[in-house]
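In the two complexes below, subunit A is the common chain; its partner is subunit B in one and subunit C in the other.
Showing the complex of A and B:
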C-alpha cells in the first residue's frame, strides 16, 4: 500500500458566440458636457470584472482616460438589453456591443471637433482625452472642450448606440455544415496527482494550464478567471457531486459539511500561461475565458490517476470510493514486460480466446 | 446586553439567543459580515471577538456580554486602509466579494497573532473559508504580502475629472 504519483493532461476548445441567433447585447453611450462618458449596458458584473473590461474597451475606443468612463448597468429599465452573464459572452458579445457604440460616439465627437477646428473629421484623431489634427499635433482640442461646444454652442448631444449578435446560421440539412461560432478559445491542462491506493484519496499537486484567450484585455482579470476556474475544476474532478444519490434528492448535500468544495488546503501549485492568438470578431481580438476555465481539470486529473495507479475512473468526481472500486476491478497481468490492461467495462473479452478467463486480478 | 463594536459601546435590545450575525446586521446595521450559510460552514460571517476570529452566525449574543467586536468597518477607511485591506485591493483578491469580509477578518486575526505568518499558516487560517470565485490564489498572495509588510496602506484621492473646459464657450454657464 503506497502513494503513487501520476501525470495526465487534457485539451479543450471552447466556442463563444454560437450559431443559434437571438443572443444580442446592446449598449448606449452619451457624453456629459465636460467630456465624461456614461455607458448604459445590460451586462451584469458578478465579480468576473466585465464592468472593468467594458470600461477599458470604451476608454480605448473613444480615446479618453479610463477614469472618465462610468458604466451604468444598474437597472434593466435604463440599460439596453443584454441576454445575460453566461456562456462566456461578457467580454466577447457585451464587449463588442460597447465597442460598436463607442466607435459611433467617437465619430460624433470628431464631427463636432471638425467644426470647431475647421479640419475635416477624417484628418482628426483622438487619444488621451484630446482631439488632434493628424500630422499637426498642436492643432488640438480637449475632449471636454468638444463636449462643451456640442452642448452649449451647437445644442447637440454626443451619443451613440450599438449592438452585437452572432447571426443565425442554419445547418445544411445534408452535411450539417454551418458557421457554428464566432470564436474558439483553446486550453490545455496538465495535472500532477498523488493517489493513495489504500484510502483512494487523490491530491492534485500541480496544475499547469495554458489558455489561448485571443487577447487579454485585462490580464489580471484573466488570471482571476483561470485560477478560480481551476479550483472549480478541481472540485468537479475530485469532490463535488450535486446529488450523491441521484436521482433521489433526499440525501443530497445541503450543507458545506456534506457538499464538499475545495478549500485552501486543496490548493495545488499553479503554473498558468496566457496565450494571445487574436480572434477576428472579438473586441481587440479577445475570445472567451469564463466557463472554459473549469472544463479541462477533471479530465486531466482522471488521466493522471490512470498514470499513477493504472485504473480509469470514468465518472466524476473521482471520490476515494470510486478510486478504490476501480482499483478493486483492476486486472493487470504482465507478459514479457508488456502491460495488458483488462477492463471489464471496455470488454476485452471479445478479443480474448479464453473469454477473459485467464486474466486474473493481480494485486497492485 | 452590551458590546463594544469597532470601538464604540452599544446597548443592545436583541434577546440573548440572537446570533451575533443578526445583531450586527439587523440591530446595529453593520452589513460587512455576510449571512452565507448560517450553519458555521462558509466563514463569511467571521468577525473578531476579543481579537479572535469567530463565526458570528454561531455565536449567541448572551455568550459574549461586554466583548469587543471588530468587523471590516472597524479596520480602516477608504483613504487609509488596514494592511490586509490594502493587500486585498492591490492583489485583486476579491471577485464577487461575498467571502471577502470573512477572509479579511480571519487574515487580520492571524496577522495579529503571527505577524510573520508563513504560507502554511495562511492556508490553515483560511481553510474554513469558502471562496468560489478566486481559487484562493490571489487571496493567499494578498495575506502573505500583508504579513511581509509589503503594502502601501494609503490611497490617493481619486484622479481629477476632465475639469473645467479651457475655452470659454459663449452661452455656457461655466
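Showing the complex of A and C:
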C-alpha cells in the first residue's frame, strides 16, 4: 500500500465566434461633451470580466485613456442586442461589436476635429486622448475639446454603433459539412497527481497549463480563467456528479454540504503559460478562453492516474471507488483486437444490450 | 498607454468584493409579493387532477397560475433555428421529470406562498420513468415523448459527420484502439440561485430584473410566452452571481411575469438552494465510444465514434450541444477519415443544458484519454503521438473548414518545455506550417493528395 505519483497530458481545441445559434452582438457608443465615452451593449458579465475587456477594446480603438470609458450593460432599453454570454462569444463577438462601434465614433470624432483644425480627416490620428495631424504632432486638439466643439459649436453628437456576427451555416445532415465558427483556440495541460492505492484517493499536485488565446486583451483576466476553469475541471475529473449512481437517482446532492464541488483545499500548484497566435477575425487578434478552461484537466488527470497505478478510469469523476474498482480489475485481460463489427445498427443495439459498450464487440 | 494587453483591474472588481454590486435578490420594491412553485414529485406521470381552489383561499395569496394562464405555454429555446418546441412552461396533462413546475403561487410572504402550494390538490398516475440513456435503442423502454426517445436531426436520428473513406482506414490499420468514456452530469453550482423580480408599471410595461446570462435571448423567450412585443418588456440585468451556462435557460422570469400580471403587484421568485440543485438544469451525462484505426508508428488513419447525449426531459439546447460535440470529435488533430454519430436522447432526468465547454468538454475528456491509451497500446511517446497528428495550417476540420491558424503544435511544445519534457529533435523543430509529403507516411500521401485535390473533402 503506497502513494504513487503520475503525470498525464492532454491537448485540446475549442471553437469561438460560433454561429450555430446565428448569434449577433450589437453595440452603441456616445461621447460626452468632455470627451468621456459611454459604451452600451447587452453583453452580460457573468464574472469573466467582459465589461473590462470591452472597455479596453473601445479605449484603444478610439485612442482614449482606458479610464475615460464607462460601460453600461444593465438593461435592454439602453443597450442594443447581444444574444448572450455563452459559446465563448463575449470577447470575440461582443468585442468585435464594440470595436466596430468605436471605429465609427473615431470617424465622427475626426470629422469634427477636421473642421476645427482645418485638416483633412485622413491626415489625422487619435491616441492618448488627443487628435494629432500625422507628421505634424504639434498640430493637435484634445478629444475633450473636439467633443466640446461638437456639442456647443456644431450642435452635434459624436456617436457610433456597430454589430458583428458570423452568418449561420446549416450543417449538411449527411456529412456535417458547414462553416460553424470564426476561430479555434488551442490548449495543453499537464497534470501531476498522487494516487493512494489503498484509499483510491487522487490528489492533483500541479497543473501546467498552456493556452493560445490569440491575443490576451487582459492577461490577468486570462489567468483568472485558466485557474478558475482548472478548478472546475478538477471537479469534473475527480469530484462532481449529479447522479453518483447514474442512472439511479440515489444520493443526489441538494446542498453544498452534500454535493462535492472543489474547494480551496483541492487547489493544486499552477503554472500558467499564455501563447498568442492571433486570429484573423477576432478583436486585436483575440480568440477566446472562457469555456475551454475546464476541458483539458479531466483527461490529463485520468491519464496521470494510469501513469501512477496502471489502470484506466474512463468514467468521470475518478472517485476513490472507481479507482479502487479499476485496481481490482487490473488483472483481467484487455479487450483489444484487430477487427470490430461496425454495423451501425448492431453497434447501437449492443449499447443497449451491454449497458454501454457498443463497439466492444471485438472479433479476434 | 495601450489598454489592450494591459493587466488592468476588473471594471467591477471593487464593487463585487465590497458587496456593492446589486444582484437581483438585492432589489426590493414596495408591495412586492413572493412566489413558490408546486413541482412534480415524480419522474413521469399523467396528471389526473389539479385543483388550486384551496390555495386561492389561503389568506395573503394574490395569484395562482397554471398552464391555463400562459398565452403560449410551449416555447422552444431554439425555435428560431427550426428545433421543434417541446417544453411547457407549466406542466399540462403530464410531467416528465421530478421538479417540473406545475403551478405557482404569489403571496405576501414566502411562507404563505409555500402554505398555499401545499394546499394545491394534485394526483398523478405514475408511469415507469426512462432514466438510462444506454437503453435508448431498446424497443421495450418507456417513451419519454410520444415520438420516442430520440431527437431527430432531419432526416436522421443522429448528427452525422462523414469524411474520407472510413473503411479504407480500418482496412489499412495496424491496430484498432477503442474505448468508452462517460463523463457524468454535474451541477452549475452558482452562488446566486435562479431568481427574478418582475415589476408591472402603470404604463403596462413589465420591468424584469433577471439573472440571465443572455438578456435579449431571455427577453425573446418571455415575449413569446406572453405574446407581447419587446417594448412591453424591459430587462434589467447584466451582472450575474455565477452562471456557467445554467442561466442561458430562461428559468424564473416568465412565471414571475405571469404572476405579476395576474396579481397586479411586483413579484419576486427566488429558488431555494435545494431547487437550484434538484430542479434547475445540469450538464448532461455523456456516453462516448471511440474506435481509432492507427498505424504502428502512431498515425491515426480513421476514427469512428458513437455518442449518446442525455438531454433530460426536454430538448432545450441539446441538439446544438451534440452538434458542436460531433464537429469537434477529431480533437486538436487532423484525421483524414471520419465517421461520427451523435444521438440526443430524451430521458426523465431534469433537462440538461449548456455548461462551460458545452458539447466539447465531453470530447476533450474522451479524445484525450483515448490518445493516452493509443500511445500506451502502441508503446510510443504520448507527446510525439499528439504532435504527429496535430492539426496544421491548411488541414481541414471534421466540418471541412480549412484551418487558417491552428496552434496545436506550438501549444504542445510550450507545455513540454514548461513541464521539462525533452522532445526528440524532429518534434522540437516541428511547426504548424502546412504538411509536406515527407512528413507523411507513404500510405497517407496518396490519400491526402487526392483529398487535398478534392478541396479537402
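Heads up, the rule we're going with is that the second predicted complex is superposed on the first by the 315 of 364 C-alpha atoms of A that agree within 3 Å, B and C clash if a C-alpha of one lies under 4 Å from a C-alpha of the other, contacts with A are read in each partner's own complex, and residues count from 1 in each chain.
The definition used in the following text is that contacts are C-beta pairs under 8 Å (C-beta built on N, C-alpha and C of every residue); 3 or more make two chains touch, one makes a residue touch a chain.
A quick note: this is a predicted structure, and the numbers were derived from the prediction, not measured.
**Student:** Touch test for A:256: subunit B only (first), subunit C only (second), both, or neither?
**Tutor:** It touches subunit B and subunit C both.
**Student:** Using the superposition on chain A described above, determine whether A:264 touches subunit B (first), subunit C (second), both, or neither.
**Tutor:** Touch partner of A:264: subunit B, not subunit C.
**Student:** After superposition on the shared chain, which partner residues are touched by A:16: those of subunit B (first), subunit C (second), both, or neither?
**Tutor:** After superposing on A, A:16 lies clear of both subunit B and subunit C.
**Student:** Which of the two partners, first being subunit B and second being subunit C, lies in contact with A:47: first, second, both, or neither?
**Tutor:** both
**Student:** Looking at A:229 after the superposition, I want to know if it touches subunit B, subunit C, both of them or none. Which is it: first, second, both, neither?
**Tutor:** both
**Student:** Going by the contact rule set out at the top, does A:86 touch subunit B (first), subunit C (second), both, or neither?
**Tutor:** Touch partner of A:86: subunit C, not subunit B.
**Student:** A:96 in the overlay: touching subunit B, subunit C, both, or neither? Say first, second, both or neither.
**Tutor:** neither
**Student:** Just to be sure I read the superposition right, which of the two partners does A:65 touch: subunit B = first, subunit C = second, or both, or neither?
**Tutor:** Touch status of A:65: both partners.
**Student:** As a test of reading the superposition: which chain, subunit B or subunit C, is in touch with more residues of subunit A?
**Tutor:** Touched residues of subunit A are more numerous for C.
**Student:** Touch check for A:296: first (subunit B), second (subunit C), both, or neither?
**Tutor:** second
**Student:** List the residues of subunit A that touch subunit B in one complex and subunit C in the other.
**Tutor:** Correct list for subunit A: 46-47, 49, 65, 220-221, 229, 232, 255-256, 261.
**Student:** If we count contacts the way the header does, which residues on subunit B are in touch with subunit A in the complex?
**Tutor:** Contacts found on subunit B: 37, 39, 41-42, 92, 94-97, 122-124, 126-130, 132-138, 140, 158-159, 161-167, 169-172, 174.
**Student:** Show me the residue ranges of subunit A that touch subunit B in the complex, using the header's touch definition.
**Tutor:** Interface residues on the subunit A side: 33-36, 46-49, 65, 67-68, 129, 142-145, 148-149, 151-153, 220-221, 223-224, 226-232, 255-257, 261, 263-265, 267, 270.
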